[in-house]
Every structure is written in structure tokens, then in C-alpha cells.
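This is the structure I have questions about; it appears just below.
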Amino acid sequence: MLAIIITIMVLEMKVPHGAELATLQPLIPVFLSYILSFIYLGIYWNNHHHMLQASRKVNGAILWANMHLLFWLSLVPFVTGWMGENSFARWPMFLYGCVLLGAAIAYYILSRLLVSHHGHESELAKAFGPDFKGQISIVFYVCGIGGSFLHPYVSAGFYILVAAIWLVPDRRIERTVASSGE
Amino acid sequence: MLAIIITIMVLEMKVPHGAELATLQPLIPVFLSYILSFIYLGIYWNNHHHMLQASRKVNGAILWANMHLLFWLSLVPFVTGWMGENSFARWPMFLYGCVLLGAAIAYYILSRLLVSHHGHESELAKAFGPDFKGQISIVFYVCGIGGSFLHPYVSAGFYILVAAIWLVPDRRIERTVASSGE
Amino acid sequence: MLAIIITIMVLEMKVPHGAELATLQPLIPVFLSYILSFIYLGIYWNNHHHMLQASRKVNGAILWANMHLLFWLSLVPFVTGWMGENSFARWPMFLYGCVLLGAAIAYYILSRLLVSHHGHESELAKAFGPDFKGQISIVFYVCGIGGSFLHPYVSAGFYILVAAIWLVPDRRIERTVASSGE
Amino acid sequence: MLAIIITIMVLEMKVPHGAELATLQPLIPVFLSYILSFIYLGIYWNNHHHMLQASRKVNGAILWANMHLLFWLSLVPFVTGWMGENSFARWPMFLYGCVLLGAAIAYYILSRLLVSHHGHESELAKAFGPDFKGQISIVFYVCGIGGSFLHPYVSAGFYILVAAIWLVPDRRIERTVASSGE
């Protein structure tokens, strides 16, 4: 589903009328938003995929925690489009942060449910250990949302910061996957 | 396919022109419709996935019963968009109920065909037992469709009620899956 | 990919402005086109899926024959939209038939390549035997395309006829799959 | 994800108003662009799929190299639409080449990372050997981008040339796959 969300996001970049390079200029903020959201969704895609691969069993609560995460992520193309069309104005930045915060909280809930369902001695539990990155992301998103009232660029700074700390994929999971001989 | 239907549904939420929070106001009913349909499609996704996982064999009739279910579900983004754009007016509520009713009947047919193809002593048959939830949903949808002539909120009440009784994923299947040691 | 084509086809049904039942009236031909194309794509989905399942090996030519088939099928949402918006006028009917004919020929080529690559004694070759349905479909599509110059309903008749003869999924494949104990 | 990109690309071909054959005329360059991009994406789909199939293990860098490739490919529907709407004008041709060049470089990086991660004695390394096609493509794309300043058709020539040399799927991989008995 993340592959689909990423792909339809490009539909928010409307083909301009006119063949001159200048007709692309109004699309620059749209394109920058697209890149940022692409990175975010790419991060979720990689980590989410790893997480589900490492899972051996699910229950009803986990299924719904997963749907909850996908709900927030499904809103990303919408808020990305709004943010891009308005060149990173205050309210779009605010809403973008809210959706990312929702996704971060949903991811945290999902990972906790998976860990507790597999037992604290499981490989998956070791892989997710104390989820420092997940927690600091939530703090930074809240800062970014609040920062939108100072200046939209404060928000942008925090959002880019979170993307940066996640760009290195979750080595913990990678290590666990590797050690299981795959 | 359900993942795709859910994802393209967000395209019905058009990015508003203008960066103020007020420009989002007309989108509130659209967003509420989106949430309701997201839950419905999420329910179908989880249960449908479980059902197909528990299936050991298919035949031509089952394949078409499955396409029939997907046909109704593929109409959900359209009726959701119509319902949202018209703030839950009578006829959109009526049509929304008809599509949901169609999907519920198609799901019922599919589950009966699967049970009879696997034999009444099969695990799948035990998992689906007497499908109480499926039958009560059909009754409630009919009430919701009829209720649209009294007041659209009567419909909304019934539709939300059905979503609520399904939000707990089908524990019967879960139990069977668990007991088979997966 | 067929699941995606089917799903985005619903985007050609634009949500009407206005909440009255009458606003749906211009959508009736669009909806009828949608149903017809849904059935066609459903047929291809089922048969194509079976065919690939029964395949043990591929080569470059088969990969491109498969892309060729997907090319024609990817045009179905476009011609369906054009046909629906113009209430089954002559030229849209003509073009719809051309795209279906292209898909039918591509399917035929793909099945022949698969049979010859697996050897004429293979299970797959037995399953596809002399492909009567595939050949008669091509004839009927040509009749439908030519018939568009008499009256669009002549075309419609032939197109519906082809859908009807395929609605029963390919029992040959089903039998083979069943006999291999799956 | 490539299947999704290919499929949504058809949405850039807007259904024309009017049922006459002449209403399709402005769509001819759009359709030609669609065919060219369909072939490109089909090439990537086949080769990318083979490459991932032949991979036994991934790491963080490979995951991001893959996302990098998908980023460039996700822009193909946009530049295809722009190129088609402007009948192969200079700047759209220029940008189309840039996106293809980005994808070609990303593919090259991904293949090098996979080879070095699997070891130079691995089957995958043998399959990708000295990647002549990948390197010549990059050269031709640069020629095509530069050629857009002479005449758009010079670009078109180079782009079609690259498609032609890739149309034969990567026999090296095919051979390796075959020899591993699949």
C-alpha cells in the first residue's frame, strides 16, 4: 500500500500548460514537497516492510494498529499537495506536521503491540529495543507543529531533521535479519 | 486490490486553493466520509485477506464471486466522494448504502461458496460457522437505505453501527489461524 | 497490474455536482461502460493469473509478449471513459473494439509462446490445447469493429457476446490445476 | 511499484470531449509519448524484477539506492505528460532526458551496490558483468539532452535508440536464472 501512496502522490504535480522552462517555476515548491514526502514514505516503506517481515504472528489489535498507520500515511499526498501549492505557508506546514505526527504515533503503537505480542525475549523485541528514534521523532514533530506559528521555515527545519535521522535505515532490524541468515 | 481502492479514494479529497485553515472547512464532510469508508474498506481488507489465506482451493464460481465483491468495493470511492461533496444529503446516503449492501451480499455469497467448496467439516467452514455478523449487517444496511427517506442521519447511524460491529476483526478466523500454528 | 487498471478505471466516473438522483443520469452510460470493462478486465485477470501460475519458465520473448498484453489492457480505462462519455457513439465503439482486439491478439501470442516454450507435451500445452475461445473472440471483435459502421449497437452486441463466452473461466486450466493437486 | 507507475501514466491521457475521430488528433503526441514511456518502464520492470530476484541479501545502502531509482521513475508520468501535451517541444524533451538519465544513473548505482554486496564471484556479479548497456545508455541520454538544443527530434532519436538497445531483455540475467534451474 505504501508503494501505491508514493506513486499517486505524483498526480498532485499537475502537468503545466506551456512548453517553456518558466512554466515549471510555480511547480518548484510542489516538487520540493514531493521530494520530502517521498523520503518520508520511503523510510516508512523500508522500516514497515522490515517490521512485518520480522513478525511471526498477528492479532486483531495489530491489524488495526497497522490500518491506523496506513490511515495517516494515506493522507500524506493530500497534505503534500496543499503544502506545495501554497509554497510552505503556515497552515499547510501545521497540518503536514499533524499528519506526520499521527503516523509517528501510529508506528510507535504498532511496534509496541508487535513487541508485546512476540514476547520481550523475541528477536523482534530485541530488534526494536528501546525505540529512541521513534520517540525523538514524536518530540521533533511537536516542535515542528508549534514552530509553524513562529515561521514556516522552523517547521520545515524540524521535519527535515526527522527525515535525516531516519534516512539511515533501522540498522537494528537489518542486523537481526542478517543474523537470522537471510 | 483493496489496498489500491483505499489509496485512490484519497484522490477524491481535492487540494483546496488558499492556504488558510478556513479553506479546509468545506472538506470536513469529505474527510468524515473518507474516514468511514477507510474503516469499511479496512474491515474488508482484513477479513477478505484472512478468508483467502484460509482457502485451500478455488473454482470458477468462487473466482467470480470474488470479482463480484471487488466490483461493489471498487464503487466505494465514487459514492464516498458524492456523499462527502454533498454533506451527507439524502440520495448520496441512499446510494452509499446500496453499494455497501451490494458488497455485504457479495461477501456473504463468497463465504458460502468457499465453505461449501471446502466441505462443512473443513477448518474454513468452522471458522465461518453461522455468519451472524454478515447477516445482521445486511439487515442494518437495508434499514440504513430505508432510513435515508426519514433523515440522512438515520442512515449514517446504521452505517456507523455496522462498522462498529465489524471493527473487532473476525476472531473466529484469527482463532483458527492461530490454532493451525501459524 | 490488472488490479490497478481495474481500480483506476473508476476514476473516469467523475463525482457529479448536485445531490439529486437526476444528477446521476448522465453517468448511466459511463456506468454501463464501467461494468462491461470491469467484466473484461476481470476475465483477463483470472485467466492471466492462471496462465502465469501454470508457467514454469519464461524467456525474453514471453516477457515482452506479456508487456504487449498489458499495454493494450492499460488503454482500457481511456477507451471506456471515451465510450461512456459519448453514450456509445460510433467512433468510441470502434476504438473500444480495436483495443480489445489488440488485447485478444496479444493474449493469443502470449499463450502460444508459453506453450511452445514449455513443449507440446507439457501440462500447460494440454491446458491451452487448441485455443478455440481465443480465436473466436478475435473474429467477434473484428465483427464488432466493422459493425460500428452499421450501428453502434451492433458493436455492443458483439462485445457483450465475447464477454459472455469468457465469463465461464477457463475450465481447462482449472482442471489442470486441480489435477496437479493444488 | 513499477506496475503502478505504468498504470497511472494512462491518467495523463485525458478523455476528449466529443465523439468524432478528429477529437483524438491532439492526443496523438500524448499517445506516442505514452508508448515510449511504457516501453522504458517495461524495460525497467523486467530488468529490475530480475535483479531483485537474483539478489540474496540487501543492506541499508541498497534499499536507498532502490528508492533513488524509484524516485526518478516516479517522475516519468509527469514528464511524459508534459512532453505529450507540448508535442515534443524543446524543454519537455530536455527534462524527459534528465529524468531518464537520473533513472539510468540510479540503476547503475543499484547494480554496482548489489554486485559488491554479493561478492565479485557471485552469480549476480557474473550476470551483471561489465555493464556495457548501462554505460552506453548514460552516454546516449547525455547526447539526447544536449541534442534538444539543436532540435527536439535529435533528442527523440537518442531516446528511441536507448529503448531499442534495451528492448532485448538482459540475456545475461536470463541465462543465469535459467542455469540455476528455475
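Observations, loosely collected:
Per-chain numbering from 1; labels A, B, C and D assigned in written order.
The rule we apply is simple: a residue touches a chain if its C-beta (ideal position, glycine included) is under 8 Å from a C-beta of that chain, and two chains touch if they have at least 3 such contacts.
Treat the numbers as computed from the prediction; the structure is a model and nothing was measured.
Between chain B and chain D, the least number of touch steps comes to 2. Touching chain A and chain B at once is no chain at all.
Counting the residue numbers used at the interface between chain C and chain D, under half appear in both copies, so the two copies meet with largely different residues. The chain with its C-alpha centre at the largest distance from the centre of chain D is B. Averaged C-alpha coordinates put the centre of chain A at 38 Å from the centre of chain C.
Put simply, the C-alpha centre of chain A and that of chain D have 27 angstrom between them.
Multi-chain contact residues of chain C (touching two or more other chains): 4, 8, 11.
Chain-to-chain contact here is organised cyclically: the chains close a single ring, every chain touching exactly two others.
Across the interface of their complex, chain B is touched by residues 1, 4-5, 8, 11-12, 57, 59-60, 63-64, 67, 70-71, 74-75, 77-78, 81-82, 85-86, 89-92, 95 of chain A.
For chain C in complex with chain B, the residues that touch the partner chain are 3-4, 6-8, 10-11, 13, 15-21, 24, 35, 38, 42, 45-46, 167-169, 171, 174, 178, 182.
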